[in-house]
Structure formats: C-alpha cells, structure tokens
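These notes open a run of structures that come right after.
You will see subunit A twice below: alongside subunit B first, and alongside subunit C after that.
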Partner chain A sequence: MTNHYIDLKNSDVILIMGSNAAEHHPLAFKWILRAKENGARIIHVDPRYTRTSARCDYHVPIRSGTDIAFLGGMINYIINDQKYFRDYVVNYTNASFLVSPDFSFKDGLFSGYDAEKRKYNKDTWTFQMDANGVPLKDPSLQDPHSVFQHLKRHYARYTLDKVSSITGVSKENLLKVYEEYSATGAPDKAGTECYALGWTHHTSGSQNIRTMAIIQLLLGNMGIAGGGINALRGEPNVQGSTDHCILYGNLPGYLKMPTASLDTLGRYLDKYTPKSNDPQSANYYQNYPSFFVSWLKSLYGDAATPENGFGYSWLPKMDDGKHYSQLHLFEKMYEGRIKGLFAVGTDPAVSSPNSNKTRKALEKLDWLVCSNIFDNETASFWFGPGVDPKQVKTEVFLLPAAATMEKEGSQSNSGRWVQWKYKAATPPGDAISCGDIQIRMMDAVKALYAKEGGPNAESILNLKWDYKDRQGNMDVLKVARQINGHWEADVEVVENGAKKIVKKGGLVPTFGMLKSDGTTSCGNWIMSGSFGADGENKMTRRGKDDPTGLGLYPNWSFAWPVNRRVIYNRASCDINGKPYNPNRKLLEWTGEKWVGDVPDGPWPPMADKEKGKYPFIMKADGVGSIFGPGMVDGPFPEHYEPLEGPLDHNPLSGQLINPAIEIFSGESDQVHNASEKFPYVCTTYSCTEHWCSGALTRWQAWLLEMQPEAYVEIGEALAQELGIFNGSKVRVSSARGKTTCVAMVTKRFTPFTVEGRTVHQVGMPFNYGWLYPEDGGDSANILTTTVGDANTFCPEYKAFMVNITRL
Partner chain B sequence: MELTRRGFLKLTGAVGASSALGLNFKPVNAYAADLGKMNRIKSAKQYTTICAYCSCGCGLICSVDSLTGKIFNIEGDPENPINEGALCAKGAGFFDLTEANKHRLTKVRYRAPYSDRWEEKDWDWAFSRIARMVKDARDKDFVTTNEKGLLVNRTESIAHLGSSNIDNEECWLISQSVRAMGLVYIDHQARV
Partner chain C sequence: MEKTEYVKLIDTTKCTACRGCQVACKQWNEMPALRTRNLGSYQNPPDLQWNTWTLIRFQEYANKNGDFKWLFRKDGCMHCTEAACIKVCPSGALYHTEFGTVGINQKLCIGCKACVSACPFDVPRFNQETEKVYKCDLCYDRLKDGQQPACVLSCPTGALTIGTKEAMIETAYQRLDQLDGKGVVYGDKFVGGTHVMYILSEDPAVYDKLPVKPRVPASVILWKNLFKPFTLIGMGAVAGMAALHYLIKGPHEVHENKQGGE
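Moving on, here comes the complex of A and B:
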C-alpha cells in the first residue's frame, strides 16, 4: 500500500476493483465504511455480486480479465473531458516529457518486439534528452511526442462502445464510474483504489495496477491522504516476507539478485545505481551501493572485505533473462531436475496452478522438507488421490512448527506498519519456531561443510549465523538488530550538524547513514531505523497520539521507510509546499521544514530551484512515470485477452494474448481458448471463514462448520440451461483436469454480453484440498492454467475456461 | 473469601434448592472452584500479538494462565488502532490455532522412500539427515560456471518455498541462508 488501512477513511471516492474487501479484509472494510459514513462514495467493480457489493453504493459486474479495457476507457474519459489535475500532471509526472521519435505502437505491439523470443527490446521506450542529459519537456502538453499526447492517442481507442463490448459492462455503468471517480481530480478531493488478488492473478496483472497508477497520477491522487493505490494483501506477513525477499529476483530490501553477466561488484553496482543529471531530482537510489554493500556485510560479516568485493563472488548468480519463479520451479521439478524442496508454511499442492501437474512434480523429488503447524496436502502428497505410496521415492519430513502466538517477533501489514508480537505460550510437544528450525538446520549444514568441504563452501562457512541465545534458541532481538544495521567500525558521523564518533557494534539509526565502504552492515536497508541508536525497538511502540487527525498514529509501531505513513507524501502539496487540500493536511512546508508526516526527504519543495527537489524521490527523474520502461510488456498498459478465454480475437488489436507472457507448453499444459468444450469463464476466490489454501482454517472446527466444502457458483440463467439446481452434485472440468463439488445457484453471477454474444461466468473458492475434511472437495487449481503475469509470474487464477455437467 | 452480590445470590439459591433433599455441598464446592477460576483470570498474564491471516495487522490479546502457562483466551486488542478490538470470523476463532486444537503437529514426522506411513523422529536425527541430503544434492549438481563460462556459484537442484506466514526475523534468516547455500529457485506466497 502506498497509504495504510486507517487512511482509507480519508477518501472521498473508493473504487474497489479486484477485491472482495468485506469478506476477505473485514477490518479493512471497516475503514472503508468509516469513509462512507463521512460521505464518501464506494464503488465495487467485480465479476460477482458479493457482500462488498452489498455495502457499496453500487456494484458493476465485469468479465474476468478485462480490467485494463475498463480502466483504459477511464483514462480516455479523463483526458477527453479534461478531468485531470493539470498542475499535478505537469509538475509531478512525466506527462510533459518528450518520448523518443523512434517509439511506436501498432496493432497491439509496441516498438522493439521480438516475436520469436516473445520479448521487447526497450531501446525506444525512452525520452529525448537535452545537452545536459535531462529529459526534454513541453509543459503545455501539446507536443505530439509528449507522453501526454501519446497517452491520449493510445487510449482514444478505448471508446465506450469498444470497452463495453470487451468487458460486458453497460455504457451507462461505465460512464457512471468514470464520472464519479474522475471527480477526485479536484485538488481537494481524494480517490483511492483497493485491489487484491483479483488484479494480480492475471497475465496482465502488473499492468492492471499500472493502469490505475496512471489514473491516480492524472487525478493527483498519489501521495495524499485518502489516496494512493492500496493492495489489500492476503497473508499476515506477506509484506514482510516480500520486503525480506524470499523471492528469486530480489535480495532483502528489493535489491537486485545478481545475474551471471554482472561478474564483478563494480559492474553490478554500475548497472543498478540509477543516474540523473537533473539537479532537482533527489534520485535517492543513487545510494544503492551503500544499501547493497551493507547487506553483503550482514550476510558474510567480517569475511566480507573491500579486498574480496565484500564476498560478491560467493553469491549465486541467475542466468541473464532467466526466471526462477514458482511456475518455473514446478516446471523444472516436473522435468525431474529439482531433487529437494523446502516448503515452509505453504501448501503448493493446493495453491499452485494446475494441481495435477504440481502434484506429479512432487513425486519426482528425492526429498521434501515441510514445516507447518498442521499437516497439509503438500507434505502428504505421497498418499493423495490416485497416488500409490509404494511407487513414490520421495523422502518426506514434516516438521512441527510453532504457531504465531508461540513466538516473539515482528510482522508487517500491508500498510508497511511493522508491529511487534510477544510470545504468549510455548509451542506444544516438540514444535519449535520456523526461525529455530532454520537456525538449527543451517548449523548442521555448516558443520558438514566445515568437516567435508565442498563447492563454494566459503559462502556457507562465511555466512554470519550467530543468532542464538544462551539456551541455544533463536535470539529474535539479535536478528532484528542485524536487520536494522550496525556500525562495523568506529566512524565519525555528522548528526544534526555536529560531528561525533560512533562505536563499532552500535545501531545505525537510519539508512541515510549507511556506507558502501564496509563500515556499516544492514540486513535490510528499508528496515533501518526500526531501532533507535539508543537501542529502542520502535516496532514495540504503542503510542496512540494522532497529531494530524488523519489516523497516521506515528508512535504506534514502526512503518518503513523511516516511519513514513504515506509514501510520496510531498506530492500532497503544491510546488511551494502548500497542501492541495487544507482540510486533510498531510504535510506542509513552513519555509524552513516540513511539518506533518515524515516527508519523502528533507529538501524544500521544488519551487526552490536551488535546493528544492521533485516529490517522487525514488524515481531517477523525480516524478511519477505515466510512461516508462519499467514493465516488460509495454510502457503503457494495453488490453489483451486471457491465455484461455471465450474470444478468438482481441477487439482492440491483432494480438489476442499478452505478447510478452511466457508460454508453458508441456504435455500437462493444455489450453483450449474459445472452445465449445469449455464454454464458461471461471474465476477463483476465497471466503471469510477460510484462508488461502485452507491449510490452517480447514483444521478448525468452528470455521469448517461455517464453510464445510467446495462449491461452484453458477448464475440462475446458466443453471437453468444446464438443469442444475442449488445443491446438485456437478463435475467442473477444464483442459487440465476435473473435480466434483456441489453447485450453488446464485443471483450473484449474471451473464455478460461480450462482442454481441452471451458469456456466462462461474466461480469457485480456492480453499479446499483432499486431505481434510474428508469429502470436502479438492483444489479449484486442478482446473487452472500454468501461466503467469508477464512481469511477475503471478499465476492466472482469475480467468480460465471450464465446462460443468450435472452428475 | 470475597463474596460478590451475584455470587451470594447464586450460593443462597443453590443451598436453598438442595436443602430440601438434605445437605449437599456440591454446589458450594462448585462455587469455590468458580472463585478459583476468577482468581486465575485475575492473575492471568496478557500478551499482545498480531493476527495470522490477512495483512490488516489486527491486534490480539492472548490471556495466559499463570499456573500452567497455557493460553485460555484470545480476543481483539481494543488499543490497536487498526482493528480497535474487533475481529473477523477467522481472527475471532484464533484460539483454535493453539495447542487446544488436536490437529496441531507435535512431533517430527518422517516418511521413508516407498513407505506408506509416517514415523516419529527426534530433531537431532532430522537435522542431521536433512543436512546430509542438502549437502549431497548441492554438491552433486552444483553449477560453478554457466554455459558461457561465467562464475555463477548456484545450485538448481534444491528449491525453497515460503513463507508469508512467519515473522520478519524468520523470513530474513531464510532469505540470507538460502542465498548462502546458492539457491536460485526461491519463492513464496507473495507470488501465488
């Protein structure tokens, strides 16, 4: 989230799209209702009428997988009807930048496309530069090469008729949403968007979000109270686990995982340290070397020295252009090329797409180590449906883990609040925390390498791994302080204008003081400052003061970065630092300093041509990117059909599917697009009583009683066509597999008119698995496709095709 | 013994009802046990924690019996500004994640190749066996240089998944140690 949960109350219009907030984030929804009580309008755009729809001002049904078409139409409306916030767009975005004349867009493809590799060369997705290397601008926004004019031309194609025909949304409904939401382009109005898996689980998931980001920039809704783009994320510490990057492509703090061609620390830092020639751009990522070298010091401790490049050569390197995501991981495993898997607190046999393939892949492992508080379908795959244990070679460990209230530590919510938890009880039996499991397992690995040696043993032997207390248990505070960062030498620093010597071993108070010379270590730069130099653990704070009245609660827990509650917050003020909305004053420049939330940097506002800086300090150009090379599938979002959908053509261009997605085409990856065999659009979702794969909640009697078994939700019209009644037992099948469950005939799904014909959509919850409860049904992912977003490889769980037959 | 008005009425009522059938101390004993419970509630320790489902970060309070160290109640933390004491259905049922849930895993389970059953093992055996498997798999397939001859120091034969349902400090330990081992197939629920 750019903002945070409580801040939702500050909004004037809340667009909930790609989320069923009332059922999946009930306490987030409380803040949405708080906004409603204050007079805000709440709009729900979703394929299905849900409890969220019931509490919103109105619901707009949309066909799964057509969000970019819907939002692209809104961009077109905002530009044509001049609803954009001109002052903001000119000063705080790259709308005025002049794009390279070599850039083009034709029939669904941007310049630089290589059809064979399904990849773009982004060399033309750039700006024209002046003699000093600063982007050329046209603040009038009239130059045909300006980003604004490109944007206007691109989305002029997204007419009401076209969008309505693609999305199945009536033109009246489109206009109603467009008008109401774009009214937040007024300086004193705030609009926000809440999304969840309904946006990320698509082949164009990242671009769904980016389209909304463009709208928010056009309307001046970024960096303000009640604004932003807010992901209602679905797991308790998914923010923290992402921040610490248990992800193939990133290292803690979103540092880049090195690739083979970056064979020296120098080359690596050169590639990832952005440069700007504009003196008014803070270009904060110019500090990248300090963050990265300090991270290497946290990894290898004293063994990381300037002489050995701080151990850079010991790090694993990915092959350039290759990906190692969960989709690729199971592909490799299916090919028999992965021998061992650790699955910590996760149940991929239920949660990964194309379950038949995933489960077959597990059978090819030599060993599998699972750590959980309950058994699940992954740990027990070897006696799953259709599996003969006598044929499965895999050696399996199921390690008993502590539950969350049986251990001390911190958890980061979606609003980046890092809250401390205390240990209330000891775990039952032999169970220990996942941290203890990792420490002791790694101790055993280190001991073997110390004794026997092995390839690149230095990396394992030099791993700094002294995180146990006197009793031999994980010392969580020691780990937390290591994440915050330490001085690695006695260093002279300047604090508040005065010089002083800090001692080796002391805590670094903020990432602004990290160094690239090895004199600091920091396990994750964005968390630097979670401890004070005096040793205060700010994550434990429980202060309830709210000086701005906006619900920032600056003394409750710690929010990264540097306790900033709303990121990009300098954009809430005009170029002189005066708040655009005096009634919701997030920040204000007094002439000497910023007052309010922790500002995005201390510099004066940008009207001060000498010392002032642009507001988007993490962007090299200092402004929000309406156009940019950040995505692999285009500098502007474009609508493509899902990999498997009801249409055999894309009404907007000759490109049916996202041209940059990777196609998995093994024997288990059958896809039937626009096929009579599988005529119904299907989507998946959760319910209030279950969580994710249900691996925790299906074992709880109270919750299971409320939601005991899998079902498929079918609209009344389709049910009548198929002779299916509420409670009928049905088979749902796709090109990948089939499953049986009960039918829930509902008014909540209504047919869409798409390209002149009727398209039915159905939906299934993804919370069930064969292990428990007995006869509760199996995973909806038996039906889903192995395909992911072009940028993130988030699987497409939200749009695929099925057939339904009554049993 | 401190008698509240409500307790006194309950006591006299119980004695009144039983006196017709002769003297019966059972209800009195039950009352005394209730008082014990009251004291245990008064002496219970409270610990704050954060919910383990969605990412709102709702606060919870765990009440722990001072005699047994067991959690006997979990409810919303009214001080937490996010949830202000309220919880959803899952959060309200948090108690069912404690050891009171008979499905909790309490022993290391091991399934040998081609076996059709779990066996119970101890931690020392498990860690030494896992370390052996890790080292054998890593050393056998270790990729020191790639096809272009560039130093890559990675293992592609071991993968790691999870988790977004463990604490930050645990996530960080995993993130650091899997890199030190040379893994590249690293992912978790943020993607799925």
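Moving on, here comes the complex of A and C:
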C-alpha cells in the first residue's frame, strides 16, 4: 500500500476492484466501513457478487480479465470531460514530458516489438531531452508528442460502446462508476483503490495496476490522505516476504538480483543506479550503491572488502534473459532438469497452476524437503490420486515447523507497518521454527564445504552466519538488528548539525547514513531505522497518539521507509507546500520545514527553484509516471484477452493476447480459445473460512464445518441451461484437467453480453486438496493455465475456460 | 442482586458474514464441529444445532424492483423478557439472569423439549446423546466477569456490540437515523423486549426464519398459569411430567443425522 489500512477511513470514494476485501481482509474491511459511515461511496467491481459487494453501495459485474478495458474507458472519460486535476498533472506527473518521435503504437503493438522473441526493444520508449539531458516538457499539455496527448489518443479508442462490449458491463454502470470515481479529481477530494490478487493474477496483472496508477495521478489521488493505490496483502506476511525478497528477481529491499553479464560490482551498480540531470529531482535511488554495498557487507561481513568488490563475485547470478519464477521452476522440474526442491510453508500441489503438471513435476525430483505444520498434498504427492508410489523415486522429507504463534519476530502488514510479535506457545513435539531449520541446515552445508570444498565455495564459506544464541537456537533479535544495519568501522558522522564519532558494531539509525565504502552493513535498507541507535526496537512500539487526527499513529510500530505512513506525501501539497485539502492535512511546509507525516525528504517544495525538489523522490524524474517505460509490455496499459478466453479476436486490436507474455507450450499446457468444448469463463479464489491453499485450515474442524468441500458457483441462468440444481455434483473440466465438486447455484453470477453474445462465468475456490478432508474435492488449479504476467510471472489464476457437466 | 439489563445489538448493515462469531462461540463454549456437506450455500451448518448456538444465515434476496441483496443474519437466542422457554421449563433449567438474559443450567434440564416447541424463534436444540437442550446463554460466565460475549469480541467490523439496554436501544435508533431510516430496529417491541436486537436493512418479513411478530404461544400462557405451578412441587412431579410427556409424545425419536466424530 502507498497508504495504510486505517487511512482508508479518510477516503471519499473507495473503488474495490480486483479484491474481495471483506472476505479476505475481514479486519481491514472495518476501515472501509468507517469511510462509509463518514459518507464515502464504496464501489465494488468484480465478476461475482461477494460478501464485499454486500457491504458496498453497489456492485458492478465485470468479465474476468477485462479490467484494463474498464479502466481505460475511465481514463478516456476523465480526459474528455476534463475531470483531471490539472495542477497536479502538470507539476507532479510526466504528462507534460515529450516522448521520442520514434515512439509509436499501432494495432495493439508498441514500437520495437520482436514477434519471434515476444519481446520489446524499448529504445523508442524514451523522452526528448534538452541540451543538459533534462526531459523536454510542454506544460500546456498540447504538444502532440507530450505524454498527455499520447495518453489521450491511446485511450480515445476505449469508447463506452467498445468497453461495454469487451467487459460485459452495461454503459449505464460504466458511466456511473466513471462519474463517481472521477469526481475525486477535485483538489479536496480523495479516492482510493483497493486491489489484491484479482488484479495480479492475470497475464496483464501489472498493467491492471498501472492503469489505476495513471487514473490516480490524473485525479491527484497519490500521496494524499484517503488516496493511493492500495494492494491489500494477506495474513501470510506477503508484505514482509516481498520486502525480504521472496520474488526471484529481487534482493532484500527490492534491490535487483544480478545477472551473469553484470560481472563486476561496477557494471552492476552502473546499470541499477538511476541518473537524473534535473537539479530539482531528488532521485533518491542514486543512493543505490550505499544500499547494495551495505547489503553485501551484511552478507559477507569482514570478508567483503573494497578490493574484492565486497564479495559481489560470490553472489549467484541469473542467466541473462532467463526467468526463475515458480512457473519456470516447475517447467524445469517437469523436464527433469531440477533435481531437488525445498517447499517451505507452501503447498504448490494445490496452489500452483495446472496441478496435473505440477504434481507430475514433483515425481521427477530426486528429493523433496517440505517444512510445514501439517502434512499437505505436496509432501504426500507420491500417493496422490492416480500416482503409484512404487513408481515414484523421489525421496521426501517432511520437517515439522513451528506455527506463526510459536515464534517471535516481525510481521509486516500491507501498510508497511512492521510489527513485532512474541512467542505465544512452544511448538509441539520436534517442531522448530523455519529460521532454526535454515540455520541448522546451513551449519551442516558450511561444515561440508569446509571439509570438501565445492563450486563457488567462497560464497558459502564467507557467509556471515552468527545468528545463534548461547543455546544454539536462532536469535531473532540478532537477525533483526542485522537487517537494520550496523556501523562496520568507527566513523565520524554529522547528526543534527553536530559531528560525532560512532563506534563499530553500533546500530545505524537510518538508511540515509548507509555508505558504499564498506563502513556500514545493512540486511535490508528499507528496514534501516527499525531500531534506534540506542537499541530500541521500534517495531515493538505501541503508542496510540494520533497528532494529525488522520490515523497515522506514528508511534505504533515502525513503518518503512523511515516511519513514513503515506508514501509520496509531499504530493498532498501544492508547489508551495500548502495542503490541497486543509481538512485532511497530511503535511504542510511552514517555510522552514515540513510538519505532519514523515515527509518524503526534507527539501522545500518545488516552487523553491534553488533548493526545492519534486515530490516523487523515488522516481528518477521526480514525478509520477503516466508514461511508464519500465514495464516490459508497454508504457501505456493496453487491453489484451487472457491467454485462454471466450473470444477469437481482440475487439481493440489484432493482438488477441498480451504480446509480451511467455508461452509455455508443452504437452501439458493445452489452451483452447473460443472453444465450444470449454465455453464458460472460470475464475478461482479462496474463501474467508480457509487460508491460502487451506493446507492449515482444512485441518481445523470448526472452519471445515463452515466450508467443508469444493464447490463451483454458477449463475441461475447457466444452471438452468445445463439442468444443474443447487447442491448437485458436477464435473468441471478444462483443456488441462477435470475435477468434481458441488454446484452452488446463485444469483451472484450473472451472464455477460460480450461482442453481442452471452458469455457465462463461473468461479471456484482453489483451497481444497485430495489429502484432507478425504471427500472434500480437489484444487481448482487442476483446471488453470501455466502462464504468468508479462512483468512478474504471477500466474493467470483468474481467467480461463471450462465446461461443466451434471453428474 | 441488582439487575442491569444488557442488550447485544446485531447491526446487519455492518456484518460481512466472516463468521468469526460462529467460530468464537464454539471455541469459548467448547462445542465440537460436525462433518458437514456443502448443500449449495455458504450457510453451514445448515441450521442451529445443539453444538451450534449461533449461525450466520446467508440469503439471496431480490426485492420487487429486482435489486439484488445478499442478506446476512446472525441467528441465535434472542434472550426474551417474556421468555416462553422459561415459562414452560418445568425443571428450572432455563432462567433469567441478573443481566435480563436467559441462562440455561444443563444439570437441571430433563430433556422434555417443552422449550423447543415453545420458543417463537426456534432456538433451543436437543442433543439425542446427552438428552439435554442447548442454546446460547450470551456468555453468562463472561458477562459475570465483566467480559464481552465471545461473539462480540470476535467481530471485526463492529456489527456486534453490547451494552446496557437503554444505551443499546439509543444506539440502535441513532444508527437508524444514520441510515436515513433505511432500516428496521427489531427486538424492542415484542415479548417484553429481547436482549438481542437487530438493525435490519430490510423488512423483517423478508428474512428467513425471523418471525415478524414473535409472541409467547397461547398454549404456553395457559400452561404457565394453570398447570406449571403444580409441577414444581418436587422431583416426583418432574418425573411425573416426564411420564406425561412420554404418554403424549412417545419415546424420543432419533431424527438428527449423526455424522462424523465429535
């Protein structure tokens, strides 16, 4: 979240799209209800009427996978009806920047497309520069090369008729949402968007979010109380795990994983340290080398020296152009190229797409180590449905792990609040925390390397690995302090204008003090400042004071970065630092300093041409990106159909599917577009009563009692057509597999009219598995496709095609 | 003992049907789950049971304009002031607590099921195995200890609140104002006032299993006034009642489906 959960109460209009907030964020939802009590309008756009819809002002059904069309139509509306916040757009976004004249967009393709590689060369996705290398701008927004005019032309194609025909949303409903939401373009109004996996689980998932980011920038909703783009992240500490690099392309704090061609530290830093020649751009990421070198120091300690590039060469490197997402891992496993797998706290046999392929891939492994609090379908794959245990060579280990309540540590919520929690109970039997499992394992690996050596042994042997207490167990505070960062030498620093000497081993108080010369170490720069220099663990703070009255609670836990509660908060003020909305004053420039939230940097507002800075300090240009060349699939989001959908054409262009996605085309990856065999759009989800794959909750009798078995939700019209009764057993099949479950016939799914014909959509929870309960059905992922978002490879769980037959 | 009447207010306009209350109730009262099946609804168990004292009812409803709503109603004991169950209970198992709520003492329950047929809300449930009746006691043990009932404590949205009767009635009508009158306060106008009240978004007649004008059945009034006094003379009379019950209704029939382990 750019903002935080409590801040939802400050909103005037909340658009919930790509999220079933009430069912999956039941606690957070109270802040949405609080906004409603304060008079806010709450809109839910979703294929299915859910428990969220029930508490919103209204629900608008939309066909799965057409969010960009819906939102593109809103951009068109905002521009045509001049609903945008002009001052904000001109000053705080790149709308006025002039794009290279070589940039173009034709028939669904941006310039630079290589059809063979399914990849763009982005050389033309650039800005025109002046003699000093600063982007050329046209503040009148009239220049035909300006981002604004490109935007206008791009989305002029997203007419009400066109959007309605693609999405299946009536024109009345489209207009109703567009009007209500774009009213937040007024300077004193705030609109926010809550999304979750309903947006990310698509081949254009990242671009779904980008489209909304553009809308938020046009309406001046970024950086303000009650605004922002708010990813509702889950209880499984998703925020914390991404902050600490669960994704293959990241290192802690969203630093980049190096690739083979970046063979020296210098080349690596050169590539990832952004440059700006604009003196008013803070370009805060210019400090990238400090963050990265400090991270290397945390990894290799004293072994990391300036002479050896701080151990950069010991890091494993990704092959250039290769990807290592879960999709790719299972692809390689299926091909027999990966021999061993650690599945820690995860149940991919249920949660990964195309389960038949995933489960088959597990059979190709030599060994599999699972670590979980219960047995699950992954650890027991070798006696799963249709598997002959005698034929499976994989050696499986199941390590009993401690549950979350059985260990101390930090947990990060979606609002980036990193909250410390304590151990509530001792884990049963032999169970120990996952951290302890890793430590014991790494101890053994290090000992083996010390004895026998091996390839790249230095990376193992030089690893700083002193995270144990006197009993030999993981010392979680030692880990947390290392994440915060230490001084690695006695250094003279300036604090509050006064010079002082800090001692080696002391805690670094904030990432602003990290250095690229090896005098600091920091395990994750965004977490630097989670401890005070005096040793205070700020994550344990529980102060309830709320000086702004906006619910920032600055003394409750620690929020990264530097306890800032709303990111880009300087954009809540005009160029002189006066709040756009004096009634929801997040920040104000007094003439000497900012007062309110922790500001996005101390510099004066940008009207001060000498010392002032633009508000979007993490962007190289200092402004919000309406034109976003960082994406692999286009600087403007464009609607493409899901990999597998009901149409044989894209009503907007000649490109049926996202041209930049990777196609997995093995025998187990059949795809049937616009097929009579699989005529119904299907989406998958979880339910309130189960958690993720259900691997933990299906064993809980009270929860299982409420949601006992797999079901498919079917609209009344389709059920009638198919002769299916509520509660009867049905078979749901796709080109990749089939499963049986209970039909839940409901008014909450209604048919769509798409390109002049009726399209039915159904939906299934994925959180069931064959292992337990025995007669509870299996995962809906038996039906899903192996394909991911072009930028992130997040699988397309939310749109594919099925057939349904009565049993 | 000084009597402070408490009312639990169920604001259905804030309920997201997360069913935290349903689980919290089972946890606090140590009630087992039974193995259920999906019968085509989120509502599960399908009805109140001896081991399920509160339940979210899920109801798909389209009004006469065709506007669709998914209604959630937390069902359970309403804790009536004029409580039919107390009136018919021959053994004193059911009683009014100092909070005005209806307590139940299973030790005294003789399993006559008179309360089951008397309750205008169809709340008390009989367990074949223990031959006793079960229902919500609004967490009497917690109330006595100054704690909120488990369901209220678990509610994430503020749909469930509890307070003194006067305060909650006031809160209910204030909320109605906030909803621009688009709602109904339910519970203060019948059976002497219930100690569980609703704010409903629709007319009460719309809701499944919710009586529009609940009242103590006439037979219960007759029973209470004419016959019950004689039955409380002693245990012999209780046994007599059981015999009478046997003569009228016959032996217990097993009509609950016993499924799964408890």
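Couple of notes before you dig in:
Note that the second predicted complex is superposed on the first by the 806 of 807 C-alpha atoms of A that agree within 3 Å, B and C clash if a C-alpha of one lies under 4 Å from a C-alpha of the other, contacts with A are read in each partner's own complex, and residues count from 1 in each chain.
The rule we apply is simple: a residue touches a chain if its C-beta (ideal position, glycine included) is under 8 Å from a C-beta of that chain, and two chains touch if they have at least 3 such contacts.
Owing to the predicted nature of the structure, the values given are computational and were not obtained by experimental measurement.
Once the two complexes are laid over each other on the shared chain, residue contacts for A:144 go to neither subunit B nor subunit C. Of the two partner chains placed by the overlay, subunit B and subunit C both lie in contact with A:702.
Of the two partner chains placed by superposition, only subunit B is touched by A:346; subunit C is not. By the touch criterion stated above, A:688 is placed in contact with subunit B and with subunit C alike.
When the shared chain is aligned, no partner comes close enough to touch A:279: not subunit B, not subunit C.
In the superposition on chain A, no contact is made by A:666 with either subunit B or subunit C. Among subunit B and subunit C, the chain that touches a larger number of residues in subunit A is B. Judged by the touch definition given at the top, the superposed model places A:727 against subunit C, while subunit B stays out of reach.
In the superposed model, A:27 makes contact with both subunit B and subunit C.
Within the superposed three-chain model, A:535 lies out of touch with both subunit B and subunit C [touch as defined at top].
Shared contact residues on subunit A (touching subunit B in one structure, subunit C in the other): 26-27, 30, 688-689, 701-703, 706. Across the interface of their complex, subunit A is touched by residues 47-60, 62, 64, 69-71, 74, 79, 81-84, 86-91, 93-94, 96-99, 101, 103-116, 118, 122-123, 126-135, 137-139, 141-142, 144, 146, 148, 150-192 of subunit B. Residues 22-23, 26-27, 29-30, 33, 37, 49, 51-55, 687-689, 701-711, 725-728, 742-748, 773 of subunit A touch subunit C in their complex. Subunit C makes touch with subunit A in their complex at residues 13-14, 16-20, 22-23, 26-27, 32-42, 44-45, 60, 62, 68-72, 156-158, 178.
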